[in-house]
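Please find the structures below.
Presented sequentially are two complexes of subunit A, the first with subunit B as partner and the second with subunit C.
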Partner chain A sequence: MNDEMAIETHELTRRYGDTLAVSHLNLRVPRRQVTAFLGRNGAGKSTTIKMLLGITSITSGGGSVLGRAIQDPAQNCQLRRDVAYVAEDKRLYSYMTVEQIIRFTRSLYQDWQPAAEARLLKQFRLPPRQKIKSLSKGMRTKLALLLAFSRRPELLILDEPSEGLDPVSIEELLQEIVGAVANGVTVFFSSHQIAEVERIADRVCILDQGALLVDACLDDIRREYRRITLSFYAPPPKVNPSLPGIKQVRISGRQMTLLATENANAVAELALDLHPASIEVTPVGLREVFLETVREN
Partner chain B sequence: MILKLNPSAGHPVYSQIVQQVKHAIETGVLRDGDLLPGVRTLAQELVVSPNTVVKAYSKLEHAGLLEIRQGSGAYIVAKRRVRSRAEQTRAAQARVQILVRGLLAEGFSDEEIHRMFAAELFYDVSCEKRP
Partner chain C sequence: MLWYKAWLETRSRFAASLVTLTLVCGLFVHHALTMIRPTWTVDFNRLLYITQEFLALLWILSAVLLGMGGIVYEKAVGTSGLTLSLPVSRVRLQSVRITVGVLEAAAFGLIPWLTILAVSWRARMPLVLAQVAFYAALLVGGGLVYYAMAVLVSTVVEGAYSSTAIAIGLVFVTTVALDSWFRQLNLWRFVTGNFYLDVHTFLLTGHFPWLGMLVCLGVAALMFVASLLVILRRDF
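What follows is the complex of A and B.
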């Protein structure tokens, strides 16, 4: 068990009939960082989160959240006191009013922060006396976020927190997330909004068909990942794609592009020996990394 | 001071902060004794992970450009050495300005000029490493 990790799984697997929803997942989420969880619809993100919180049963493997074993029901119950979770469907008691559910939730947690509650109620412009069932989807999401951010949990797990929010609220949400991390909270969130992930995340995990394809520090992607485009006067020569640092080679007409995940300078140096007419090295954004890894898979 | 960050650029965000603070010191926008915002405040203002700000501040502290006083804040340290560097930077910037204006006058686009600079810097780095 590693104290530096808020979440750690070992070969975590969930099978639904013949379908492997999550397959031998070894996930590590460091404490006091922002870790983003990316993947296409149905990649297994929500299933993973639900296994961490004991909502969905585990087929095989296991893991720990905040040092407690997730497969042990008693420990899982304990760990949930230190975790705030905003579910994908943002389901709340629909017969309650906004103010009733806040009062109800406040009574359940000792770590409740009345100042945060008041601030978010104002920022999100939530109508206190309105019934939850008559709230729009975006408003319900804001209410679910208010209930999570008004606590001071050790770990915040947010499943697509920005879905359905207006741009102003998204900005406020991102500020809340970085503010929470500044207070020592660990944040693990799933999202389809690559631009927002790129702004606030320290690490990204990309899941596809239940398997982890990328687990990297965003700064390493910024520093190391490069697209090298070579143009030739004649059809490009053959290149051995198994060269270290080259993830992918594509040829289109007289151009060749290489995706380097490390040592881009060394790779480009080798490329110079092919005597290209021009060589261009450009950084690779997270969007491109995501599309390339998920499409290749 | 106003920081402009590009999370998609090929540089870690902490080093973008470091570079911009250095530049601000070199051009005199930030002076000796100026106070930078706290980690939490700057992280929320820039909407970046606080770990990024912590890393940037620690690099600046390491470079002797920032003094972090516990519970008080982060203060800019700009000694004379930096001031003469500031003059050099201004002179270099003037030369770059003439060059860029010349290229623009010849009809090159911003994008093309960007690429030329990037390629030149890149070749320079990779040539240096050649035996």
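What follows is the complex of A and C.
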């Protein structure tokens, strides 16, 4: 068990019949950082989060959250005291009012911050006496975020937190996340909004078909990942795609595109041996890395 | 505060059921007031028994309605993730839900009978306290089996409507089947006091059936434990 890791899984697997929802996942989320969890719909992100919190059972493997074993029901119950979680669908108890659900949630956690609750209630313009069933989806999302951000947990797990929010609220959410990390909170969040991830994440994990394909620092991706485009007078020659530093090779007409994950300059020099008419090395954004990774898989 | 959640979740069903049960009390009072007072007649005792039958029928429906909900239903409406991420065990969640339900079900049995008692006394109608206590105890103690059955069904079947329909169907089928083949085990006759009724005086006679009551409470407890085991093993 590593104290520097807020979340650590070992060969974590979840199977639904013949479908492998999460496959031998070895995930490591460092403390006091923002780690983004990216993947297509059905990639296994929510299932992973549910296994971490003991909501869904584990087929095999295991892991720890904040140093406590997730597969042990008693330890899992304890770890949930220090974790704030916003679920994917943001459904809340429809029979409660806003102030009732706040009162109920407040009573279960010792790390509740009344000042943060008052500030967020005002900021999100939530009507305290209104029934949750009459709130819009956006307002429900804000209320779910209020219940998480009114605490001072060790770990914040947010499953697509910005879904259904307007641009102003998304901006406020991102500021809250940054503020939480500044206060020593670890944030682990799944999202489909790559622009948001690029703004606030320190680390990125890309999951596809239940398997972890990328686990890297965002700075490393920005520094190391490069697209190398080679143009030829004739159809390009074949290249071994398993060469070190090359993640992907794509050929289209007389053009060959290489995605380099490290030592892009060395890869480009090697590419010169293919005698291209021209060679161009360009930085790669997270969106491209994500798309290339999941397409390739 | 889990009590608070369980109460908020069930209070509208509880209030609606209690109003309905109280209306049945009103019918009793209305009929009783038409009788000659203060003569204590067989007709009056018969009215008391019929009231118990009506109360039992509505009590069972109310208990089945109370048994709706819980974490499995929450899965269907999408709030189970929120509930299960709370720092409480599944056993505690289910236990609190059951306890609140049992208290509410007890109120369904006691409040109507206390109302009848109070109104009868006020109207100077002669009501035997021991008979009322007998009826109320049979209704609540025996009826808990129906509530426990509804809770167990709600932990197996997700939808609120389907679990209610299945629970009501089970009540009906078990009553008819037991009455045909194992009449002595028919819970309906136990709950209404039919087993202990003197058909000449329409009074409940004999000692209170402690053994039958213990068996009912034991069966209810077993079903509650079974529901806990289902919740512990279930995936959400």
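By our rule, the second predicted complex is superposed on the first by the 297 of 297 C-alpha atoms of A that agree within 3 Å, B and C clash if a C-alpha of one lies under 4 Å from a C-alpha of the other, contacts with A are read in each partner's own complex, and residues count from 1 in each chain.
Note that contacts are C-beta pairs under 8 Å (C-beta built on N, C-alpha and C of every residue); 3 or more make two chains touch, one makes a residue touch a chain.
Note that the structure is predicted; figures quoted are calculated from it, not measured.
Undergrad: Given the touch rule stated above, what does A:182 touch, subunit B (first), subunit C (second), both, or neither?
TA: In the superposition, A:182 touches subunit B alone.
Undergrad: Now for A:192: first (subunit B), second (subunit C), both, or neither, which partner does it touch?
TA: Touch status of A:192: no partner.
Undergrad: Report for A:55: first if it touches subunit B alone, second if subunit C alone, otherwise both or neither.
TA: A:55 contacts subunit C only, not subunit B.
Undergrad: A:202 contacts which: subunit B (first), subunit C (second), both, neither?
TA: Only subunit B is touched by A:202; subunit C is not.
Undergrad: Where does A:131 make contact in the superposed view: on subunit B (first), on subunit C (second), on both, or on neither?
TA: The answer is neither, since A:131 touches no partner chain.
Undergrad: By the touch definition at the top of the document, which applies to A:222: first (subunit B), second (subunit C), both, or neither?
TA: First partner only.
Undergrad: Please indicate which partner A:254 is in contact with in the superposed arrangement: first for subunit B, second for subunit C, both, or neither.
TA: A:254 contacts neither subunit B nor subunit C.
Undergrad: Contacts for A:31 in the overlay, against subunit B (first) and subunit C (second): which applies, first, second, both or neither?
TA: So A:31 meets neither subunit B nor subunit C here.
Undergrad: Contact-wise, after the overlay, does A:174 reach subunit B, subunit C, both or neither (first, second, both, neither)?
TA: A:174 contacts subunit B only, not subunit C.
Undergrad: How about subunit B: which of its residues touch subunit A in the complex?
TA: 7-14, 39-40, 43-44, 47-52, 115, 118-119, 122, 125-126, 129-130
Undergrad: For a test of understanding, state which residues of subunit C touch subunit A in their complex under the given definition.
TA: On the subunit C side, the touching residues are 1, 4-5, 8-9, 12, 77-82, 84-90, 235-236.
Undergrad: Under the definition above, what is the set of subunit A residues touching subunit B in their complex?
TA: Against subunit B, the touching part of subunit A is residues 32-34, 171, 174-175, 178-179, 181-183, 195, 198-202, 218-219, 222-223, 225-226, 265, 268-269, 272, 279-287.
Undergrad: Across the complex, what residues on subunit A touch subunit C?
TA: 50, 53-57, 73-74, 77-78, 80-81, 83, 85, 87-89, 91-96, 100, 103-104, 107-109
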